Every structure is written in structure tokens, then in C-alpha cells.
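The structures considered in this document are given below.
In what follows, subunit A forms one complex with subunit B and a second complex with subunit C.
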Partner chain A sequence: MELETGQVTVMEMKKENVKELAQILKTVVFKDFGMLYAFETGLKITVDDGAFQQANAFLNSAFFSDYKVREDRIALKLPIKTIYEFLSIPEGNSNSVKFSYSGMFDPLKLLIEESDGCVIRGKFNSSIADQELDFEFDDSAVPVTYLLKTQVLKEIFRDFDDTSRTVKMSLSSSVICFSTVGEVGETTVSIPSRSLQMESAKCTEEVEHSYQLSLLHRMNPAFALASKLILRVDERGVLSCQFSIDHGDCRTSYIEFLTVPTTETDE
Partner chain B sequence: MSFACSRDRFSCGKHENHARIRRRSISQMQATHDTYADPSSSTSTLKKGVQHEDMKGAQFVVQSNLKIMSRCIAALSKISEDVLIEVSDTGLYFKIVNRSKFCVFRFAPEFFNSCDVSMINNKNINICRLSMKSAQRIFKGVAVGEKTFVGCEFRIDPKGEKMMVKLQMNYDIDRTIHAKLREMGSILHKPTYDRAICRNTTVVFASTLLPILAQMKTDLEVTMKVNEEGLTIRNYHSMDGVSMFNMADQRGGGKKVKTETTITIDKLTRHKVRIPAEFSFSLREFMSIVTFADQLGSEVCLYYDLPGRPLILSIEAHPNFDIELALATMGNDDEIDLDGGIVKETMIHHETTINGQSSETISAKKSRKTSNVDDFDITSSSKRGPVPNSELHQSQSQSLSQPSKNKFIAATVHEKTTQPVTDHSWRDHEIIDGEQQREATPETQPEVEMIVAPMETDPDIMEVEEPIQRRTPAEKEFSMHQAMQDINISPRNNSPQYIEPEEFPNPTPQENEREATVADIPEEDQNGIFKVPEVKRMRVNDGRSVSTRRILMGTEKKQLMRMSQQFNGTPLMQDSQI
Partner chain C sequence: MPQPQDMVGMNPRNPEQNFIFFELEIDSLVRILPGGHCYLKLKLSKSQSDEPILSVEVRNPEADIVSHQIPITIVLSKYWNTYARPTIKLRKMCISMPPPKSIARFIHAFRNMNARVVKFTASVSGDLRISTKIDHGEIDASFSDLQTNPSETDSQEETANVQLMIRNIQSLFQSFAHTRSRVKMNIISNRMAEFNIHNEDCVLSFIVGNVSD
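Presenting the complex of A and B:
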């Protein structure tokens, strides 16, 4: 480890309870590779599929027990799926992981220590980060915003008719309707704004967009982990789902999914 | 209503200035008839709203019983790929009709929280067909989970192309499904079986039966063998992964039994076997209905006869719905190790001696068979009570003879099942002369009925005494005893080993004397005859008092059976049932 050799690291952090980190990673790793951006305030992990969807995980510096970033603009492309599997190795809660990275061309080193003395070392080669997809989501021009609880919504998303290619969302100030058309026929789930699951709804304009079901399914682990969701759609129909995960002690992490709508001609 | 809102939205919101909202052509927002014809069209909320207004058909609302409905779909899903849904003023029916199996779930109007069939014309055939996959998808997640689903509303128009199901979930969320219905074939199959001619009846708790079947889950077929002492279920080693009861094994000269489990009569709520039989049937359907019964915690009633005649399995425990499954059975034409040839002999023998074997000195097959058809076994313990003879003719459908408990009694005969005049539920057979009806609570019912069972069976003294002692004495047993004696006089006198279990609380000299007589029986004969029942004495300690015997080869049971028949020396009598 760098500490042993005395080399200075560009960034290093330590996290107790590896499971928390593994869970968050799980929500975004729908692709093998992803980007890691380190800032003074925290980490951002981005995964995208190149065309339709992007997932971002925001981990505050408070999430870690020890967090040091010595350079600006650290951006790495990493095999995050493998890193996730690595972080899933230990069981239980009494373990910790150390990250350290000494700069370009050096691997990212991880060290997991378990309470019983077991030590797991990992070295992951990094490469130059890809161009990040910019969805140009304009926060100021959002006609529809909902704040929802994920408790029931996660089951609704999970139970969408698999034989339907798309899910159509009809968003209005009084109700959200999710419709699918599949083998069974049409299925519509509607959540009225008076429902306790909807904490707030703001809608300047009623809109209706369709999204591919496979893309929505990628959000299922995030639904399972998070407690709340802010659902927004911008003028072009790009769906932004921001999940907030509460770790206790007022520490929160956020996951965001940006999804492009399908056009009717694709159906 | 969310639908009202959405309609408003579209009627006032012609702000179609955003290119991103893609609409189909205006022509599609026409009358509802178009939507029926074109299910693949855009599912804009406008049209859905209009559809709802025009939904014709029967409406059913289920709230508390929703889980039962979803479990019934789960059970039906293992039986067939399609389900027929029939609507009538007697309720809602889910049916599966097939050449070798027929299953119907009937829901009375009282099963539903509200039921409106005013728009259904009873003179028509009101059946529609739904694919099982669709049905499963509709009820996905309903049976699981505690409070997620609050209720469900069905709107079924048998003539229409779609069926609407609206599930209300908690937090005011609802799920609406417009399920596409399939085409109905033009042929309506009518079931041709008739419970009245099944000569054997068994009632057993599903929880007793289910673990036995679960052991054999992977088989296509199981064999069931019944005699007066109990019920045996058996499966065979399979050749090439397929086990068929009547396939002769080229090599061994006989099929090898893999597992055999016997439920003795004391574990059966009721067991009346006029013709011991052995047949096989498909396990999958049978097990799915037994699983359903187990989830309800109820009993299953089996009606069966000889191989070739259908096996009817029904669940009759609830006043608002019942289930019936009829399966084709197969007999064994080939010699098999275990029972080769015996089955046939037995059948012939018993067919003709159905009415009153008597004067058997030492015999495993005691003549509990009463001397005429009408003297059915008596129990005053049914929770629905026995019925005097005259009332039998009134009951039309297959449930209780007790007036009014089951909603299908008054159903008119538009049902496909031929309605036998007598004999629907086994309970219809229970006649007591001048005996008042007892109202046993459901809790006591199983206990009490188990008391009854030994009276019907061969007195295996060792065996019967044990369970007797466990039960609490019931006051009316004594009067029942009297009634029994009045009717079953002749056979009883000739069988010194008959026990009257009601007298167990105060062991009378009579009983003691009878025990003595048993002891007098020559030891080897007793062993010989009772060797088969002896298996019952081995209590399995896992709390399920069912004896399991794993047999790899044929046993000497064959010989024993033959031996037992030597003692049935009574002249053969005509089978008056046929």
C-alpha cells in the first residue's frame, strides 16, 4: 500500500461497513465500466449506456470515515462491476475498506479488512475517463415534479407487465398514471395526488411520455434501497429520478437516473 | 375518481402545441365500439375513460375474499392454459374443461362484496375464455403480502372482447387491467360424470394429504389404492422419466414401487369404501387443488369408484364457494409385483358382495357394509347435520344437504353437471332415524367425525383404541350407538370383534369380553390377516400418524391378500347398486 511505501496518494478514503457502499454501487452498475469522479465534497460515480440512460451515485464525503482528495478533477474509468463484486465479498457489518489512488497510470487499490483479521486486497486498473453524456437537463425548465415515497412505487415498477415494451407515464397535477400494453391487454396503475405515497406534486403542465421498460427496470435496485424519490420530467421528456438513501446520522446519499423517452415511431 | 380527472384533462386540454406529446389521429377518439375492435390502438386515457362508461356486463366486487380468488387462479394455472369464465345469476364460475379433466370453482354471489348481474341475460350462454397467463398477471402479487390489496372489481361482459379488472391497493393506488379475452370454441363440453354413482367416499384434511403428495411431486401419476382400512398412495420407479401405472416393465416382470404411504382410517375424517379399488391418476391437478384446500385449512372430499371411472375431488367446506375437480383414472391391466391379479379379483369379489358379507368368522374384511343401500353410515356429527331421506331429493347441486348453508343448492339446472337426484355431498347420505340434528362447532367437528370413522371400518382393535382414547366423549354418542345398533344388527352379531367405540369412557364388560375374543383367535391367523393392518401400528414419530413404507420390491402382501380372501366364504350376492 502506498502508506507503506511512503508514496503520496492523490486520493484516499476509508469507509466502515463495506456493505453500505456495496449496496449503493449495486444500484448503478448496470454496465461493466463506469466513471469515478472525486471532488473535495464527495465522490460521484457515473454509469451510462451511451445513448439512453445514465445513472449517477453521489457519495458525500461524510459517507466515508476518512476522505482525502488532493487534486482537482480526478476522473477515472474503472471496472465498477468488478469493484462491486469485490466489495460484496465480505459479509457482516464489521469491516472496512480503504481506497487509494496515486495518480494516472496507477491502479486503484482497495483493501478490505474484516473484524476477524481477514484481509482482501484488490487492484483495479483505471483508464482515462470517457466523455460524459450530458443530458442537458435544465433544472429551471421542469414542468412536472413529484416527491414520492418509494415504498409502493417500487412494487409498481417491479410489477409492470413484462410483455410490454414501453411504459407510458401520464403526469398531471391530480394523478400519475403508468400504462402498459402487453399480452394481457392494457394495464394502468394510477396514483392520485391525494395518496399518502405522494408527498408533493407540482405540475405546471400535463404531460405524457413513454419510456422503455428495460430502462426503467434498471432502477429497481435503487427503488429497493431508497426511501424517497423525486420524479421530474423536463420539456423534452427526459425523465429524472432522484433517489435519496438515508444511512442514518443524517447522512444521505443520492442516486440519479436520467432516461430518454422513446418516440412513438420506435414502437 | 382518477378516471374522471383524466377525462377532464383531455377534454379541456387541447394544448397540443407541444410536439413531444404524440397523439394518434382524432378519429380514434370515437365511440367505444372502435376500441373493442382495435385493441392495439393507442392507450390514451381518453379512450379508457370512455370505455369504462360503456362497460356492460356483470360487475363483481371482492374485498375480503380477494386472496382466495387469487389463490384459485394459482391453483388453476397448474391445470390448464385457459380458464373459462362464466357469469350467471348464481354467481361466477371459473372452469377448466378438458377431455380428461374438469375443474370448476364456483363463487356464489355472497362471496362477493357486491354483485350485479342484472345485465346478463340468463338464457344465453355466458362464458368467455381468458388465457391463464393473463389471469396470472392480473393477480400478480395479490396473494402475497398482507395489506397491499384492498379490493378488486370485475366487469365481465361475456360477449365483449375485454374484461375489466380494477384492483384497489392501499394508499389509494389502483391498478386497472383490461384483459383481452380469447375466442370461445363453438363446442361446449359438458361434464358427464356423476357423483351419485361413485361408490367410495373419503374425506380427509388437506394438511394430512398434502405432505404425502409433496413427496411425489415430481411424478406425473400416482396410484391410489383404497380399502376399508385406509387409503394408500403409491408411486413407482419410472422408466425414462415417465411413470405410467399400466406400463409393464419388460425387465423385472413387474413395476417397482418407489414410495408407498398409507393413511389409516383414523386419520380420515370419513372413509366409506364399498368397493376397494386401485387406480392411478395425474398428480399435478390433484395436488394443486389439495394445496389450495390446505391454504384454506379445509378438508377435501374424494368420490371415486373403480378404475376408469372419474375421481372427483371437491372442497365443500365453505358456504360461499366450492371447488370440484374430476380426473380420469386408469386401471392396471398388467401384472405388477405388488398386487398382480389381486386387483381384479378383489374387484369382482366385492362388486358382488357389496351388500352384506356376514358370518365371517375370522376375516380382515369385516362386514361393515350395511345390508341395503339406504342405510348409510350414520353420523350425527356433521356440522351441517344429517338429512332425513326425503330431503335428499330436493338438493340439486353438489353441496350440502342441510338447507341453505351452501348457495348453490337452489341453483337451477343450467349448470353443466347433470344433477343427480340423490347423493351430492357425502353428507347427503347421512341419515338418522329420528335423530335430531346436532350443531357441532367447526372445532369439534373433526374430532367427532373421527369417532365415527372406526365404526365403518374393520375393527382393528389395537389400532382403533388408541385414537379413541384421545378424543373427548360426546354426549350424544350413546344415542348414536343405539341407532347404529338398530340398523346394523345382522352383520354385527356375527363379528365378535366389532367395537362400539362410544363406550370407551366406561369400559364395559362387553368391551372387555370382546378383547378376550380377539385374543382367542389363533395367533398365526391373526398375524396373517392383520399383517397388512399391522403396518398401521407403527406410528411415525413426526406427528403425522401416517405410516410410510418404502418398498423396493414386491412383498408378500400379494399372498396375504389371497389368503384373506379364502375366508370370505359368504355366497356372492348381486350388486344392487349397479
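Presenting the complex of A and C:
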């Protein structure tokens, strides 16, 4: 482990308070591996299941106390779940983590320093990033956009009937409805557009799509962390949920989930 | 003068070996003991059907005494050697460890990463390294300024290491994670260690080894 040597790196960054980073990662680690993309402006971490859902975490360079990326584009496939477990080791807020990567698919090296003097080193194998799933979410063809607070919505999502395989979303300018059909019967929860939870609603046409409950549940950690959500659906029914996480001092991170609707054959 | 008798059989008992060895299901005791009891009494006895039992009486501050009976198996003296403490001939290194809570969180994280084996490397200067290899990399944690006791070791080596199965030590450190116990590790060989957990009024000795590849 030679994080401290003068070896030239193509990427290095430092984050005070490791917990903040671990919490962000927790929202997207629904698979063992993910992709890390490093740009001059920040990091993007992408995890997808190959078919139905993709999660992206966007961390601005200001999220880090030190941030250097010396190549135009760095794209790595990493054991993201293991890295999350590693970042979950320290307790409290008085700690920091340093990342460094030397290029050429060398391991990603992490070094955590705790306030009591304990030093934790991790070395994680990297490889060529997989081709990213492109959901072709068309920002110009979005009939429905809502800006919502997450306070009530997170409880709605958490409390969906577990015996229902899908959740039907009915979206209009006046109300959002979430319906499930399970062993106890049919349940519908509505948020009217005049609700205090709804900050804005734009709807050019009423739409109705169903999504697998298991995919929606993957968003629960993001709900726990975020204060606001932009919910959009494109013309094909692909659901985009963009969570905004406020770290204070004008630092904001974003988590985005893209989810494919179920089709009639799926149901 | 009649000599003391065994509880079972009629073998005369050597006064210097006046013990009773017995076994019981640990879970039976674990279920009874937690709960803030202020009174605990243990008694070896016999049930109404003349079977050996451990009678356990517990009481909460505002409740009556509750009695429990746990079936036990008496171990005949010819099997007592099975329960003898392993002879530890050589201690390669003796070091005081960081608090059990610290160690427990590393072991827990390593387990979540699907690691099977953890390596402890200790030095006479008080450095301790806890490391593991996983499918996709390696992790290690370093502690320094820990107390060592060269007079308790039988080796002149500056460092010693031991590899142990994580599953064999995880519950030990988890059990003491929320206590103020102090833990001392004696490295016996590169595959065996003894952990002495010091509480206010007792010491638990936990000897663990046999790493399976």
C-alpha cells in the first residue's frame, strides 16, 4: 500500500467526514459492481442491473476538500459494494479519506485516517468500465414533471403493500396517485398538486405507468437522505427520479434513478 | 472415614480432585439470564424424576423469584482430560488490543466483504495491523502505541503474526463490543492465538486456531 509515496497519480481526492460519502454510496449500491467516472468538475458513480434500472450519483468537486483529476476522462469498473463497506468502517465525523489512482487499471487506493490515530488502507481492483446502459431519456419529450419534498413521499414508498408486484402511478396536473394490488386488496395513495409536499407540477398530458415494486424500493435509501425530488416520466414511461441532497455550505449532491416501466406481458 | 462419592456411580473421589464436570445447552442459560435481574442463584440438583439439573433462580427488583431447571449431563472423570485447557508452550507475542468495539467493526466489515481469514500482525514496539484479502482487493488497519509485555513472551522476534478464521472470532468481539473490557492477545503460532478478555471481576480466556484453507 503506497498511497503516501510520491507516485504520480491521474486522480486523487480527499474527503473530510467519511460518513457523508458512505451515505451517498449507500443510495446506489444495489449491485456488487459499479462504474466510476471522474471529470474535472466531479465524480459520477453509476450502478445498473443491466435491464430495468440505473442509478447515478453525482458528486461535485466541491464535495471534496481536495480534488484533482489529471486526465480528460477516467472510467473504471469497481467493486462498489465492497468500497461502501470499507467506507462504513469509521465511526463519527472526525476522519477523512484519501483516494488515489495511478492509471492503467492499477488498483484504486483509499486511505482513511481516524482521529484516534488508526489508519485504514484499502486497495480495490479496477477494470475497464462496462458500456453504460443508455435509457435514452428524452429531456425534450417529458409530459410530466413534479418537484416534491421527500418527507411524505418517502413514507409512501416505504409503506407500499409488499404483496403487490407492481405500483401503478397515475400522473396528472391535479394529483399523483400510487396504486397497489396485493393480498389485502387495492390501495391508492394520492398527493394533490395543492399539497404542501408538491412545490411545482407541470403536466401536458395525463399518463399512467406501472413499475416493479422491487425497483422502487431501491430508492428508499435515497429518500432517507434527500430533501427534494424531481419526478419525471418521458413519453415511453421511463421514470426519472432526481434526488437532491444538501450537505450544507451550498454543497449539493444528486442521485438519479432511471426505471423502465413494466409492460403488459410483464404483468 | 468414607470418601466423597461421585454424583453418578460409586467411584471414590480424590479430595484434591473434588470437582463435578457437567454440560448443558448454552442457549437454555442465555434465555434465562438477560433482563436486569438483581438476584441469581445457581444450584446443582436433581429433578423429581431423579435427573441431574442446574436449578437457576432469578429475580427482578419488583418481581418474585422465578425458578428454572436446565437439564445437565454429568461428565465422568475419565473424560475430564477432554476439557483440559490446551497447553500453551510458547507465546510469540503478547499485545494489548484496541477496544473490542473497534475490532468488532473491522471484523464485521470484513465479514460483509466476504473475507474468510483475518491476519493480526503485532510488533514489540506496540504496532498492530489487522488485515484481510478479499476477492477484489485487500484491506488493512494499523494501530500504534499499544502496550506489549516482552516478559510474557517466550520469543525474541520483533514481530509475530497469526491468521484466524473470521467466523471463529466475530461473536467474541461482538459480545464485548459494548463493554469496557480490555483485551490482550497472545500469539501462540501463526495459526493460533489466545485472547484474554479482562472484565472488572473476571477474565475470559478464548483460545482459537485451526484456520481452514
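As a convention for this text, the second predicted complex is superposed on the first by the 262 of 267 C-alpha atoms of A that agree within 3 Å, B and C clash if a C-alpha of one lies under 4 Å from a C-alpha of the other, contacts with A are read in each partner's own complex, and residues count from 1 in each chain.
Note that a residue touches a chain if its C-beta (ideal position, glycine included) is under 8 Å from a C-beta of that chain, and two chains touch if they have at least 3 such contacts.
This one's a predicted model, so the numbers in the text were calculated from it and none came from an experiment.
Colleague: With both complexes overlaid on chain A, does A:Leu147 touch subunit B (first), subunit C (second), both or neither?
Modeller: neither
Colleague: Who does A:Ala62 touch here: subunit B (first), subunit C (second), both, or neither?
Modeller: In the superposition, A:Ala62 touches no partner, neither subunit B nor subunit C.
Colleague: Taking the superposition as given, does A:Ile120 touch the first partner, subunit B, the second, subunit C, both, or neither?
Modeller: A:Ile120 contacts subunit C only, not subunit B.
Colleague: Would you sort A:Ala129 into first (subunit B), second (subunit C), both or neither based on which partner it touches?
Modeller: Touch partners of A:Ala129: none, neither subunit B nor subunit C.
Colleague: Going by the contact rule set out at the top, does A:Ser88 touch subunit B (first), subunit C (second), both, or neither?
Modeller: second
Colleague: Classify the contacts of A:Gly237 with the two partner chains as first (subunit B alone), second (subunit C alone), both, or neither.
Modeller: So A:Gly237 only meets subunit B here.
Colleague: Just checking: does A:Leu111 make contact with subunit B only, subunit C only, both, or neither of them? Give me first, second, both or neither.
Modeller: Once the two structures are laid over each other on A, A:Leu111 reaches no partner at all.
Colleague: Looking at subunit A, which partner touches more of its residues: subunit C or subunit B?
Modeller: Looking at subunit B versus subunit C, the one contacting more residues of subunit A is B.
Colleague: With the two structures laid over each other on chain A, which partner does A:Pro79 touch: subunit B (first), subunit C (second), both, or neither?
Modeller: second
Colleague: Where on subunit A do the contacts with subunit B and the contacts with subunit C coincide?
Modeller: The overlap between the subunit B and subunit C interfaces on subunit A is empty, containing no residue.
Colleague: Name, in rising order, each residue of subunit C that touches subunit A in their complex.
Modeller: It is residues 98, 102, 105-106, 109, 112-113, 134-145 of subunit C that touch subunit A.
Colleague: Residue numbers of subunit A touching subunit C in their complex, please.
Modeller: 1, 79, 82, 85-86, 88-89, 91, 107, 117-125
Colleague: Using the touch definition from the top, list the residues of subunit A that touch subunit B in their complex.
Modeller: Listed in rising order, the residues of subunit A that touch subunit B are 152, 155-156, 159, 161, 168, 170, 172, 174-175, 177, 179, 181-192, 194-197, 205-209, 235-237, 261, 263-264.
Colleague: For a test of understanding, state which residues of subunit B touch subunit A in their complex under the given definition.
Modeller: 2, 5-6, 9, 13, 15, 18, 20-22, 39-40, 43, 45, 48, 131, 133-134, 137-138, 140-141, 148, 162, 169-180
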